[in-house]
Amino acid sequence: MNQPVNSADIHKSIVQEQANQDRKKMMLNGVLLLILLAAPFVIYPVFLMKILCFALFAVAFNLLFGFTGLLSFGHAAFLATGGYTTGYLLSNYSGLTTEMGIIAGTLAATVLGTGFALLSIRRQGIYFAMVTLALAQLVFFFFVQSEFTGGEDGMHGIPRGELLGFINLEDNLNMYYFVLAVFIACYLLVQRIVSSPYGQVLKAIKQNEPRAVSLGYNVDRYKVLAFVISAALAGLAGSMKSVVFQLASLNDAHWHMSGEVILMTLVGGMGTLLGPVVGATFVVNIEYNLSQGPLRDWVDPILGGIFVITVLAFRSGIVGEIQKFVKKNLG
Amino acid sequence: MSEQYVLETRNLVKEFKGFVAVDDVNLKVQKGHIHALIGPNGAGKTTVFNLLTKFLIPTRGQILFKDQDITTMKSAAIARQGIVRSFQISAVFPHMTALENIRVALQTFEGTSFSFWKSGNSLHKLNQRCMELLDAVGLAEFANTTTVELAYGRKRALELATTLAMEPEILLLDEPTQGMGSEDVDRVVELVRKAAAGRTVLMVEHNLSVVSKLCDRITVLAQGAVLTEGDYASVSADPRVREVYMGSDGSGERGTTADSEQSEAAQ
Amino acid sequence: MSMIFGVPVAVLSGQLLIGIINGAFYALLSLGLAVIFGLLKIINFAHGAMYMLGAMTTVLMFDYLGVNYWVALLLAPLLVGAFGVVIEYFLLRRIAGQDHIYSLLLTFGVALIITGVLVNWFGVSGLRYTMPDMFKGGVNLGFMFMPYYRAWVIVAALVVCFGTWFVIEKTKLGAYLRAGTEDSQLMQGFGINVPLLISLTYGFGVALAAFAGVLAAPIYSVTPVMGSATLITVFAVVVIGGMGSIGGAIITGILMGVIEGLTKTFYPPASSAVIFLVMVLVLMFRPSGLFGKEA
Amino acid sequence: MTSKSDREYEQLRLSGLHAFYGESHILHGIDMVVHRGELVTLLGRNGAGRSTTLKAIMNMVGRRTGSIMINGEETMSCAPHHIARLGVGYCPEHRGIFSSLSVQENLTLPPVVRSGGMSLEEIYNMFPNLYERRFSQGTKLSGGEQQMLAMARILRTGANMLLLDEITEGLAPVIVEKLGEVLIALKNKGLTIVLVEQNFHFAAPLADRHYVVEHGQIVEEISANELSSKQSVLDRYLGV
Amino acid sequence: AISNDTVKIGYLADMSGTYRDLAGPNGLKALEMAIADFGGQVNGAKIEVVSADDRNSPDTSSSTVRRWVENEDVDLVAGMVASSVSIAVSKILEENDRLGIISGSAASSITNEHCTPNHIHYVYDTYPLANGTASAVVKEGGKTWYMLTADYAFGHALEGDVTRVVEANGGEVIGTVRHPFPTQDFSSFILQAQASGADVIGLANAGADTTNAITTASEFGVTQSGQTLAALLLFLTDVHALGAETAQGIQLTTGWYWDMNDETREWSDRFMEETGVRPTMVHAGIYSSTMQYLNAVKATGSDDAQTVRKQMMDTPINDMFAKNGKIRVDGRMVHDMYLAEVKTPAESTNEWDLYKILRTIPAEESYRPLSESKCKLVNN
């Protein structure tokens, strides 16, 4: 029964397999890049930028949810913090260049994320989700009552300004390529994180936490790092969004936004790299197109229906289901 | 003088809401020994393990590792010190391949576990060692199999290999042969023997044939307290041990060839 | 008049009493959530919608069928409970055994659908419901005017809460329920019709929400969106009590009502934040809530 | 001892039983018969499909084809709770102790399906550990105590056919010995028992017949009196 | 000239959320009624309508409006409720030089610090609501006030306006409690208001908060104990939901009421036929403003934003909605407001017969005077 197994062969096949996958990933990335580069000539750039911002938000969320197994129900807090901080700085300090404002917004979200992480990371499962929700609610109440956010009026007329002091972002195309560059950098970063040695540990923690502890991993620290990276990227998404739309509003801080990013991730396929991107594209499109069509008054019930159908029938999401199909029929 | 004892407990007590599960246990595990902890069900063996690895906090008492007090250290820190346990109930990473399971353990020594910017390919250099370990437990052919798909017994073997990958100074094994067929039991016995070379093993085991084959020293727990201690011969001769643990025929051994012949003869 | 921190004692007593009344209300709502989570491991984000349905049904039954308050008190929970059974049977059952969060997302979706449809049918300004005559007015307690209806709310809520607690913690049926949710397959293997038990439990949990809805109809603005704001707060209450702890939900409900009431007196702007603040603090020191069992 | 007519009464008959977990095909046509009052074991290596056979009888696997007759009644389309009502008691591989119930609640949980089960007192006499810890939370018991509880639990229900999966796992030899006595007593009371066992030493003296399972099929049937003559066959299958 | 030979109107409002009943689908009906009444075309150019749900989200609305003005050549955006949406949309309109008429929003900042040369704020804002109600109530003897304020910018603004007016008229605000937004149970706050002994309890909040506060006040017998409720922002739909029994006696300011004269009744009957409900001031305002817009397009023969806006400003508004209404340079349409009191059940003949108009507050007393304006279009 036990045929001799040549371990060198297995090693080689693993390396081979990895290289194959990397190549496939590269090709896929290349195709996507081409599409995204050409897109603004076909589709309205501001709308594309909206998709990219939400895609980045969902990618950030998925790093925590899909790859670490932590369901944060408070990610809206980071989106909003990024947006408000950047908006406030760019509106009030004309000396700042746009990227400085964005970096500051990202940093603010990172700091907040660190706070959230330290308070919540020891909680398990649903308690974790609820603590993050509670913290995000506190942040929301803070934003509602603060004068600088403009309360429910929102913050308006945020200047797009100039990138590095000389690229005019008032121009939609310039702005688009800037957003695209940021998005791609973040996407690649997450791709790298997931397959890195650190990513392996996250995977292990997600699958069996007590075992990871017994192997000597201080799991809390790994989770905190994942949380902080995720919060930073979510904040970056919020900062970019406030610059793109030149406004920041309470909607970004509301718990429904935290729910929406879950929907995006789930619809696209949680735990897959491309899933959140596809999911964000899908949800943003649905919401945008439905809100103008004949089904205008029925957007919420339709979104609800998508939730229900996804959970019942496509639990692995669009990308997940495609991967399964490919594996079954071609692999 | 306690140089030769790597692991020592002093007056260790664990109470659960008034119920004393571990009662004033003084355990001394000698360096290089394979030390067995046996005793009837509910004697407190698993609880002692849980105390040693900080999955539970002692009510009273001290735990020393190489003369250093580790009573207040955290689980992960203890594992990094070299005290590694394997679980009574199978513990693996279900959606990773067998090889990846072991690689995660080996990664602990790489110091790159927080390097989120590094390529995953940097882990390939560990594959060789993974294969050796898998081979040792007879799982080489399953290297690329996702762990959920492995049968229960193989999962346990994998778990053991993972534990060994940690190169522990002390290995804590909680019923390593539980749920295994005789074929696997023999393999695990060999494996533990191999693994024990150069390190210390503390194990809980109900399969006395395994204990008799492997162990240098045996501590018998009953109702949370140490009943007796000694080598296999002296312990198994103790009438108290026979009464509370081994039962009338005193063998308590499981389906090895020798035993089944014996039992046939009995018929 | 004597004062405590600048607040007259009479006012304070009034606020305490109001806090207890609201607490009883929270207790009733969080009890339903706790029953559903504790027994079925379903995180019921449709709970707010079910509460709303209870209130809406009461109003609509009155408007169209002339059904009075007392009948509604019985009928609305029954109807909504039956609707819950339908949801369990056709939707939730299909994700049994999956991670909790799927139930959260599914019920969130269901809530969006129910709310959205009703908004389109009935608008959002609210439906009118007049207080039953026998509850009109109130009694002057000296330190406050106590409407009769509030007194009734506290009695009704407490009776229902205690009854539920008793059945679940102290009876055989309760034991079946608790066990069935841990390993329903095995329970079935023992000869118990677990799927039926689960449907009925979910139905019962949402019926509790609907009961709260009926109690709310005369005193709060009845609109299709009335549940969504309440939902998050009630969730916080359940989490503080310890998800799934039946007694915990009841006690914490009352406690939070009082804490919220005191905040409304001493520092009103924080009164909706205070529950979340308490939740963060509690979970920092007791990871499974005040009365939750350690995982 | 059981009478002649009972011996011929088919308590359980599996024919061409296939079972699947999602995509994976685990049982490939199991055929076996158990008569009333018999104690039959299923032997085999890890992963052979013995536990799956028991689960398939209880309708607890994904998808099944073939036929399962209990007491002469076809049960392929029965829900699990129906099967239990036919007098089948199932003790699962991983114990299934309920953490939300106390030990005593766990014990009294399964409804009595027939008269003639053991009383609580008899059970506590047999397993004094359980008596001592009867008010603790079920899963706070030690591994072995949980195993006892799982076994004891179905003895109360009065089931007349027991499906037992690895009941000696993790038990101290004294207890194993006691369990052996229990099984013999049960057999003497006329119960039918299907035993999945790793511990051949335990099973051999108890069983009337042994089925050897490999790759989801019955590959050998050995009756107690053939045991010595077929020892080598058995050793080969079990990989000893 | 009229671009593309089409006058295209985009109707943007909350169609499915908390502000749905304010403008919503019925507002679209009102807009369509105006177009039909106008004859369906202007100077031979056809009139088209597109509509969208604003999802109460400024960024969704921004995307929609950008597409409308940049790709679909929409000339006028109408409707708009949530102030965040209105402000965001007005910025886009300014950038693209199109026109917007905001009918649903309450924020007075829309024609103050957020004014643009591209939008008009038509129906009402918080300034006259506070002004009208507060001064009237004080004059009638309600000297001491206790404010129940929604704790966000809108509530704070309303509270500030009221305090100023009350004090100017010789009254006094003796206490304030700021409640979180949203709040379901007001009993605590009502109790505090009762304990304060003030003559008047002012409700500086909106929507469900206001209706919940009123319900609770009635339950706790606030009016029986001699206190008056003054709601600063209350719509007909809210009062309808409360019912005369609960809401009786409340004083409020409104920009319009359906049962004021034959003209308003005639239009309201038609509206009710279409929708099944009586119109609010917002619905009437949408109708009126659309008429005003189309008339201006007709008169100038152009759909250019500045041309039309100028024409609209130059023509006083005289229709069933307003008498002698005037659009000021800051975009504020100023017109007479009315102090109303909710009828008692005995006085009310049907479910929509809810208000008694107590008095008319002249336009010039109502709105924030230009001299106090922070609008960039006003030279102060």
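To keep things simple, chains are lettered A, B, C, D and E as they appear, and every chain counts its residues starting from 1.
Simple rule for what comes next: contacts are C-beta pairs under 8 Å (C-beta built on N, C-alpha and C of every residue); 3 or more make two chains touch, one makes a residue touch a chain.
This is a predicted model, so every value here is computed, not measured.
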Any chain in contact with chain C as well as chain D: none
Chain whose Cα centroid lies at the greatest distance from that of chain D: E
Centroid distance [mean C-alpha coordinates] between chain C and chain A, Å: 33
Intercentroid distance (Cα basis), chain E paired with chain B, Å: 75
Whole-Å gap separating chain A and chain D, where each centre is the average of the chain's CA atoms: 50
Distance from the mean Cα position of chain E to that of chain A, given in whole angstrom: 39
Chain B residues counted as touching two or more neighbouring chains: none
For chain A, residues that touch 2 or more chains besides their own: 141, 145, 297-300
Residues of chain D whose C-beta touches two or more other chains: none
Touching chain combinations (by label order): A-B, A-C, A-E, B-D, C-D, C-E
Contact set on chain D toward chain B in their complex: 24, 45-47, 93, 129, 133, 136, 140-145, 147-148, 166, 169-178, 198-202, 204-205, 227-228, 231, 235, 238-240
Of all residues in chain E, those that touch chain A in their complex: 15-17, 25, 50-60, 62-64, 66-67, 70-71, 82-84, 87-88, 91, 107, 109, 114, 151-154, 180-181
Partner chain A, residues of chain C touching it in the complex: 43, 91, 94-95, 98, 100-102, 104-106, 108-117, 119-120, 232, 235-236, 239, 243, 269-270, 272-273, 276-277, 279-280, 283-284, 287-289, 295
Residues of chain C touching chain D in the complex: 175-176, 178-179, 181-183, 185-195, 293
Of all residues in chain E, those that touch chain C in their complex: 16-21, 24, 151, 177-180, 182-185, 187-189, 191-192, 194-195, 208, 211-212, 215-216, 219-221, 225, 235, 237-238, 240-243, 245-246
